[in-house]
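Following: one structure in structure tokens, then a few remarks.
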Amino acid sequence: MASAELRLEGIGKRFGEVVALDNVSLVVERGELVTILGPSGSGKTTLLKVVAGFESPDHGSVKVDGVEIASLPPAKRNIGMMFQNYALFPHLNVRKNVAFSLEMRNTEKGEIDRRVTDALELVELAGYDERLPRQLSGGQQQRVALARAIVFNPRLLLLDEPFGALDRKLRETLQLEVRRLQQRLGLTTIFITHDQEEALVLSDRIAVMSKGAIQQIATRAEIYERPVNDFVADFVGESNIFHGVVSARNTVTLDNGRMLQVKSDATPGKRLGVLMRPERFSSSGANVFAGEVLDAIYLGASFKLRLRCESGIELLVRQPARGKLPMVAQRLTVGIDADELHLFDL
Amino acid sequence: MSRSAGFGPALPAIVFLSVIFLFPVARFLSFSVEAGNLDWYAQALGKQLYLRVLWDTFEIAALVTFFCLLLGYPLGFLIATTTHFWATVGFVLVLLPLWTSVLVRTYAWMVLLGRNGVLNRLLIDGGITTEPLPLLHNFTGVMIGMVHVLLPYMVLLIYGAVRRLDPAIVQAAQGLGASTWQTFWRIYVPLTMNGIFAGCVIVFVLSLGFFITPALLGGGRVIMIAVLIEQQVRETLNWQFAAALSAVLLAATLLVYALAQRFAREESAS
Amino acid sequence: MSGRSILIAACVAIYFFLMLPLLVVFPISLSSAPYMQFPPPGLSWQWYSRYFADPQWIDATIRSLQIGVATSVLALVLGVPLSFALVRGRFPARQLLDRLTMAPIVVPSIVYSVAIYGLFAKMKLIGEWYGLALAHTVLALPFVVLVMIAGLRDFDRALEQAAEGLGASRLQTLRRITLPILRPSLISAGLLAFISSFDEVVVALFLAGARMTLPKKMFDNILMEIDPTIAAVSVMQILLVAIVLFLMARFGRGLSATAQ
């Protein structure tokens, strides 16, 4: 397989005063899809540019299958790319767009034709050869971009928020298509996005970035259920986050005074963060919260409620949509068990 | 790789401009300083005759600018606020005269404004006047000709400024009760001021250096500084004086630009 | 009457003022009278035939065309790379370079004409067509740069990055992606340079010498006599501008690309 392993070690990059990348290290295994998830300004796009070759790092190394590529120009790196606004060549038709990389490699004409046809079939655009990009819909353009990016058997595939401009349904369809294709080809892939739902759908592993550093890199489940800090807990999924101190065995006292039953053998006195996911609440549990409904939103498959409880705690709660939607000012009690809470270091 | 696309591609153009532009101009202007003294400047700025020419030039430039603004604003405004089709038509009708040779336009005005010209013929035959109006070979003719040549520049600059205005602002004003007149004076004019300003500066500066139109339509009676410079070179062969006059003209031009920039910067700072 | 209708009426009047000279030359050029007369007594092609039959007029026209094409080519060759440097370059003297590029517009044309005349006279370049082409290129360069800069600003750099990622060298990217996509701007710039040279009078007055350009011949003609042949030439010139405008709209960047 043409696919490779990517190893980033200690990548640092600043632009003047601003630290864009702060000692970033990352290994992407052969055939794996890693999503780099983060808000704008987190450094994810800069990281992509370093891998692609459009920025050179101040220090650190970029190794593909063990070979350092930092000194190679983008043209020689054999990396497939998909851009945010497609970047299809507007003056070339679909076939010529896809064939471009092969022409740059002086591939023989018959071979080019064959491979372009195969690539277009792969993205289900067979027969669109003669069209110009402006004659295609957004989704079709993205598929052409995908075909263009993989036709030359790259070692690596980089995707820079490619679905941002598409509507929801289309986005979901294309996400699955890209994922299927990637798995089928076994192509090592890095996907950049700020949309955490997208990250959860696509990835083998997720690397959450903020302020130029990777906060956590783990599988989807790990990231969602066991975030390691405030930022990751807050950024991925909906959350209720509180800070407190271990006051006794399996007990945490929150900063606002409320005590919680937890599962932990941390030493008393240690400061911890507590994460309660909205969907983990039920009508009863080891920790009970009684409060008044502030907002109740009907989401079709579920209710999303905001509760104000005692000691000033506000909770976001998700319940499957059964029965009537609770009303504002209605009193409601929810509970959560000790092992449904997640604790993380501060 | 942070590619600083360099400086390199600019090199041929830089060399070219230095040799074919900077060098000749500098060389010429240096003639005005003969043996290290500024006699020619003294003459240019001292003698009544030449001061008159300078004054006339500025006066004409100012008047031309005024009329161009008066006529150009409505046009620029209309093109900027109409449908795509009409805007294109409007553009063509502005670009066509703009790119028609100055000579063709000036000649046409000679045909129109002469004693036996089209305009006078129509007026006399139509019984409106009995004597032909003196519209050519004088100040009036030059004014008409120059306004005609420079009007398109003003129109284009006003167009740009009006285009950049957010239509939502106008709608907001109208929704709050502003009449057409009020909307114009209190919204459009202040917010397109930079376009108005740019247009005036360009037209003024171009007027200062005008040659063809005053030469042909002025009939020797309207001496603007450019006409004087040409005379000095062609007829009197007094290169030094011509150089001094040119330096004065160039200085005036640069001064106007510099003032304009200063003013524009203050505007945007406030 | 609404404010809008007053505006439209005023504009129609102003447009009439703008178009009047252009319109008036048409009937004059078709006049059957032997001298300038309005209204023309009858219609005749005589002035057009005079123009086509006169080797001096034809020669002048061909010279102007020749110089115009040369100017266009040279201005593009120099101006396009200059524009790239101005838009994408990162070097300290960039503002200075911008000023230098626009300088030919700032310096009054009479001053430049006399200055270049002085230099070329010394170098015996008066009357040579390439001397004139060089001077016209100086004057056309700022316009070429203005058009190209507008085009480059709208250009999506991601396209070049995509090309490089796909294996194209910088030169290949330029040749196969950047320049083809910039073609409308190139065409507009080239046409603009051509027309500015073709119409140019002041420099031509000084540099053309015995063998004239079309504008110089027109100028002399106007000074000496108002022979309606000029009207015929004027009509053809207006038609030429109309053709150029059409080409620009169709193949170039479109007519809203007014930088100045």
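The chains carry the letters A, B and C, assigned in the order they are written, with residues numbered from 1 in each.
We take it that contacts are C-beta pairs under 8 Å (C-beta built on N, C-alpha and C of every residue); 3 or more make two chains touch, one makes a residue touch a chain.
All values reported here derive from a predicted model rather than from experimental measurement.
Colleague: Of all the other chains, whose mean CA position lies farthest from subunit B?
Modeller: Greatest centre separation from subunit B goes to chain A.
Colleague: Closest chain to the protein's overall Cα mean, using per-chain Cα means, please.
Modeller: Centroid comparison flags C as closest.
Colleague: Name whichever of B-C and A-C has more C-beta pairs touching across its two chains.
Modeller: B-C
Colleague: On a C-alpha centroid basis, what's the spacing between subunit A and subunit B, in Å?
Modeller: 58
Colleague: Between subunit A and subunit C, tell me the centre distance in angstrom, where each centre is the average of that chain's C-alpha atoms.
Modeller: Roughly 54 Å, centre to centre.
Colleague: Report the inter-centroid distance (CA atoms only) between subunit B and subunit C in whole Å.
Modeller: Each chain's C-alpha centroid was found; their separation is 18 Å.
Colleague: What are the residues of subunit B that contact at least two other chains?
Modeller: In subunit B, nothing touches at least two other chains.
Colleague: Can you pull out the residues of subunit A that are in contact with at least two other chains?
Modeller: Each of 53-54, 73-74 in subunit A touches at least two other chains.
Colleague: Which stretch or stretches of subunit B touch subunit C in the complex?
Modeller: For this pair, the touching residues of subunit B are 4-10, 12-14, 16-17, 20-25, 27-29, 31, 71, 74-75, 77-78, 87-88, 91-97, 99-112, 114, 116-118, 121, 148, 151-153, 156-157, 159-160, 180-181, 184, 202, 205, 208-209, 211-212, 216, 226, 229-230, 233, 239, 242, 246, 249-250, 253-254, 257.
Colleague: Give the list of subunit A residues in touch with subunit C in this complex.
Modeller: Spelled out, the residues of subunit A in touch with subunit C are 52-54, 73-81, 83-85, 87-91, 100-101, 104-105, 148, 152.
Colleague: For subunit C, which residues are in contact with subunit B within the complex?
Modeller: Residues 2-4, 7-8, 10-11, 14-15, 17-22, 24-25, 28, 36-39, 77-79, 81-82, 84-86, 88-91, 93, 97, 100-101, 103-104, 106-112, 114-119, 134-135, 137-138, 141, 195, 198-199, 201-202, 215, 218-219, 222-223, 226, 230-231, 233-234, 237-238, 241-242, 244-245, 249, 255-256, 258, 260 of subunit C touch subunit B in their complex.
Colleague: Would you tell me which residues of subunit C are touching subunit A in their complex?
Modeller: Residue positions touching the partner: 156, 158-159, 161-169, 172, 176-177, 180-181, 183.
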